[in-house]
């Protein structure tokens, strides 16, 4: 059984207008997505800005009221508040936020910040608690004197590590990491990514790793889902996605990643322009008449893509030929 | 947009109804009645009874309220007991005075406040800024009526530059002289009210301008090679003034509050003075009507502000 | 008439003349083209009701005074009706009639005639059930047929007839009984003004007060006609060419409302020639202090029609019988207690300090303007702590158990509640002073509700048929020009808030208006006897009399506020220069 | 051929900010030249002074709070000697600037057309009609599909990518010789970033302008830059052609940066982490190699006391001599 | 997993204390310390602070030695006594009551009213704003409607009506009446800040940490807007000192037996007093202005302290 099973999740934000302030339409931030996260893996969720990544992440931790669908954890649907309470869900599922500064209460000392989930879920006496916090600080590589400092006294990377410490305080099974390194410099980003990997190795945590940076995702994730306009367009292993992308959108995304190899930049650019051209020309084929992605179709045991039937057939055929 | 405005107005209705009941009850709860106030030995208490009765003042409050509402739907707010004329007519006469003064004060307030706020912000932290800041603080701390009383004393009596009572000279001929005389009468209260009313606008504008000064789009304008003078003109002031425009509506509340004082000090027959008089005469119909009108004006003020804002600021469209 | 009461040695009231005798010559052109500016001292705008029957406020009467308020009669300085006004009055005691004859050239300011119907119509406006007037009193039901008219069983008042027809100049009023006060202006039997019937007959009486005929374009019988009225703030006048008497001389008169707070400054800065004369209320003591030496102005004055008084709560009003009843078990029922409280007061000191000469201690409860009836020799109550203490001791109000306060004769603690109306700070200072004086004689007197009361609450409390909140209070009455006190102190009078009723009192009050009082001397004697009786009983005791005084700019000529001049006050005015002095 | 067309020469520029009464160098001893027809990228960590350099060239600093020394020769004029009026002749006309945050950089209350026209108002004599035409032309140049409509819209009605295109249009409206782009794509999605970079490059080709492209994204640099200046703590530590910097990086900082990037081949390894932090302005050392504390295993004798730029091959310079001795310590997951 | 954690527990409980102590010494100053150091760095602000504090203390203590009923007894012989005469340091009013003592007691009363009013209205406004800003949906909607309704009420008029209704009203009832209307400004301010604060990730983080709504509101969000609260409270305190002045002028203020700065200033409603008996109102007016200015100035300093970018004193 997977750790988390997300089934046809929909989150629509109602937009009210008109005379009686009725809901006239809704922003379909997430519009029917399904995927599973296995224990111990890092699951990547990639997509353009506004594609619904954060909304998905927030729904999984229970921060967002979902419109329909289910998120199963230990056999229970945690989209219901009562189930979350009963399971002590947030003991097991935590979140790391993109903006490390705003996710740490600037008025609280590090000790109180890290201890917050402990205080809510575990009854510890003052000393035990302090000890746990110190251990956690040690895990994320911060000195004990951090205890009484305030968030703004730390650098971005350190703060993000504090966020990680808080997230792992209750020994969670899953951590939702919503763009944990997007705001960080290259060298600091490396620090944080290393930590996340390390903790995963040591504690067996799973991640839902949300990012728009395909380079980082490739570095971190075993399985990747590509999100577009509130739907998934392609899911697969790292290899599936990076080496055998099938959806035009995935291809376009991959082509847009800047290449660090200066020697081939001209080719890379031409390749990108070509993909872009194809994208512009063939867009319609890949989306239904409402501009939505098609339902996912499984191509291989690990690889699914949102394509209309005819294209799938073609690809299967060609794929066989290629292989 | 018209739809939105209409909806806002519809939302106002329950508020107004609740207010009307509240005011009605409160007015009735005041000790005394409209007729005893003018007690004189020639008046026969039996006649006062009689008057109370024919005016329905012995009925239970809900009966009175209901009658009042029924009349209201005929555009009739009842008769003033003190003035013995329809409240609508009485108040409309006074409202003209109050609104005329309020309008004038608003215009003057902006005339004073805008240059002050901009000047202070442009020279942020320097002497003119400090002087303007101190000025705003002092006016903020002095009770309004003290300014009025001292003002009328100096300019009205000692220097004799302005009339000190009424809204128009009794000998002014109709037409232009009357208008001139009216203007002359509201000049002093208007100026004093404006001097007092600048505080909020000056401070708000100042902080707006200071914010705008450091904004990215101003930096963009600089990088375009726009001279400093034009940057202030086309970007900073323009952008800071727009939110200020919306103050006009909100300032109605302040002006109406101030009208109680201005009109008392200047014996200026507007709604504020009428209210104060009606309180001591227990002129229920007038009290109720005035509180209601002030409440509705407050509401309209906020509505006006929202409308202004949505017109001047392309980013905002009333939802 | 100022008091030369020997006991009030400290009471050095100023002497005012009622007439400003200006020896300068009238400047014809200044008068003709000039404007006389009068201030109407009032804190609120005037109501704008020109009809004296419908108006309820002094401010309207003042604002429209140059129109003479359509007064019918001329009277002498004692307000006794004399011939020579718009109409003459003849009373016939035997026939129980009053014959009112209009002068032949009596005209409204629009040129139409004043008719007998106009006299009658004023009673219709007054008595109509739907009328908004507050002037109606049941005394008028003494007119034959008036009650029927009021009740709606008759369309006209049968007791008022027109021997020369409706458009004639004579009206005869038939009474059920005659009263001596009918000889005086301001009595409650004969209404003293006319209504322009032709002009207003189409307006239902209920709506009269709001009509344009009354508010916007009113017509008058006085020397001036209304040019313009700015709602609530000012009126302006010019001579009425149809006036029957001496033609008005000043080109324009303007009357502007000026608040009490501003009037001193306004006069000091010469914005006004004077204030509109008004017999009942006017400028106060502080104003006098500020204005007495004002350059270019002369002060004139006469005793005011109003007086302030202390009254004790002595009983209740029986709503069934409509009578006041004295209760012997009331807290203040003991006469010695009441007297002691009055002896404890230092009113002379107070008036001297705050009155600045325009106020004096009231030695009776009839103001001295009623020269003939006022008993200047009455003693009243002057400060005498010793006597007060003795009275209390003798009556058994003693300090017991080492208490600071006296308890009542039965030994129960005594707390007396004093009711007073909130007012200016100096007036409230005076209340405080009185409390202290009472404390001096060991009486625990406190404010009702702990502080002076707002006027409405004050009267609200007093009007309850039975009330125990105020044991004594300080009130003010302003009298009409006819001094009969039955409406204030009679046994059936609802205004008799103290419910002071004795056989003697009832007898004396009735006597003021019975047949013996047709003789002025007898009537005066009755009034004096009553004053002394009231003083001796100390149920109601006068506090202060005041002067109705005013400064008059020295450019004005003919300014005479004697009641005898009321009729032609405005037509007598002229100016001696075009600029204020 | 390139070196002859150099038109901007930054000579020994220092910019210091007043913090509590004292001046602290945000950039020190910057020497740099920009040529026509090239894209010069400036990379470095956050806070290393990239934007400060850009705004120094634009003269956008508040003279009361900043002290600038050195010389910036722009086509024969020393910009730093100009007064405000003189500077305005260059801003917008000869130098255009593109800012990072496309939303806040546009006046929210003015239509796009007016904002683009404004720059022409001060630097050209075109008639209103000509300006209007030029606006549409510009919008088309930067890849806006429906210029007519866009010209009439307000900034909030446009997407991030569109706004950035508008800002580029403003920057190139007067065909400037130099365009400074301060992190023009950081706020944008990768796909849009690629488009914007394409636009920039096309524009540069067309106008023969020189572009200073400021970014911290090495990928962007590798894709677009002709030459690269690597900055660390207010100084340029390495300068060279893109090939030189990416193929044969020399300075320890440059090398560390490249190594800490997630790459295709280090998927399962830990990334390289640079020890320590960038010192804050106030704590910046005045002598010695500023990067030395972050590579403590390198012998201190390898560093120069007053590091200077060494030109090690044509067009490739490195600060300090320590690069010669630099090697990565052999470690796996290193904890900072 | 548990053992994994323990692997890192190389810190003994004994070290703990030492560590906490060390850390404590290096900790960031609390906001009160920051404010205090800001005052130390700004001389005029310090002067203002000392002025206000000593004045309030002085007034509180001095008024204990004044027998108010006795002082308020009239002594008509000293009607408007001039300053310096008959032992009246600042003269006397129309009732012959000493202005100086009235000023002291009046200031005490006015400050008392201001404190009471500020406490009640600010507490209420803060709670209202926090709750309404944090919860969206029906709670906020309902609270907003109430707020709108209150905003519509013409305040002075309503207060006058209420004052006339309540027969025996005094400083306490007056404070309550004002409180009904004075929470709105605070509430609006707090609500808008709470709205933006609730969108920050630390609130989401608290939610995912399992913290309850009210705890989040009062323990997480409130401390973060504490500087705003302090500033707003200081400024409303300044504003509230003269709150009853206007009413007194219109004749609906406190009874004469309860001296307040308002009743004293209301002496100016008689133009004669303005010049002739200036001592009856001017000292009170000056006092209010000075107090108000000082407190607003203090408010500015607090605001600056709260806004790190404007700090003059120490920075982290």
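We call the chains A, B, C, D and E, going by the order they appear; numbering starts again at 1 in every chain.
Heads up, the rule we're going with is that contacts are C-beta pairs under 8 Å (C-beta built on N, C-alpha and C of every residue); 3 or more make two chains touch, one makes a residue touch a chain.
For each chain, UniProt lists the protein as follows: A = ABC transporter ATP-binding protein; B, E = Peptide ABC transporter permease; D = Dipeptide/oligopeptide/nickel ABC transporter ATP-binding protein.
All values reported here derive from a predicted model rather than from experimental measurement.
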Using direct touches as single steps, what is the fewest number of steps from chain C over to chain E? 1
Across the interfaces B-D and B-E, which one involves more C-beta pairs in contact? B-E
Averaging the CA atoms per chain, pick out the one whose centre lands closest to the mean of every protein CA shown. B
Averaging only over C-alpha atoms, locate the centres of chain B and chain E and give their separation in whole Å. 27
Can you give the whole-Å distance between the Cα centres of chain D and chain E? 50
Can you give the whole-Å distance between the Cα centres of chain A and chain B? 55
How many angstrom lie between the CA centroids of chain A and chain D, rounded to a whole number? 31
Residues of chain E that touch two or more other chains sit at 164, 167, 269, 271
If I count partner chains per residue in chain D, which residues reach a count of at least 2? none
Along chain A, where are the residues that touch chain D in the complex? 48-49, 141, 155, 157, 185-187, 189-191, 193-194, 197-198, 212-216, 218-220, 238, 252-253, 255-263, 265, 268-269, 272-273, 276
Flag every residue of chain B that touches chain D in the complex, lowest number first. 215-217, 219-228, 234-235, 238-239, 242, 313-315
Going by the contact rule at the top, pick out the chain E residues touching chain C in the complex. 72-74, 76-77, 79, 93-97, 164, 167-168, 251, 255-257, 267, 269-272, 276
Partner chain E, residues of chain B touching it in the complex: 15, 18-19, 23, 26-27, 29-31, 137-138, 140-146, 149-150, 152-153, 157, 253, 256-257, 260-261, 264, 275-276, 279, 287, 290-291, 294-296, 298-299, 302
Going by the contact rule at the top, pick out the chain E residues touching chain B in the complex. 145, 148-149, 151-158, 160-162, 164-165, 167, 238-239, 242, 245-246, 249-250, 262, 265, 268-269, 271, 274-275, 285, 288-289, 292-293, 296-297
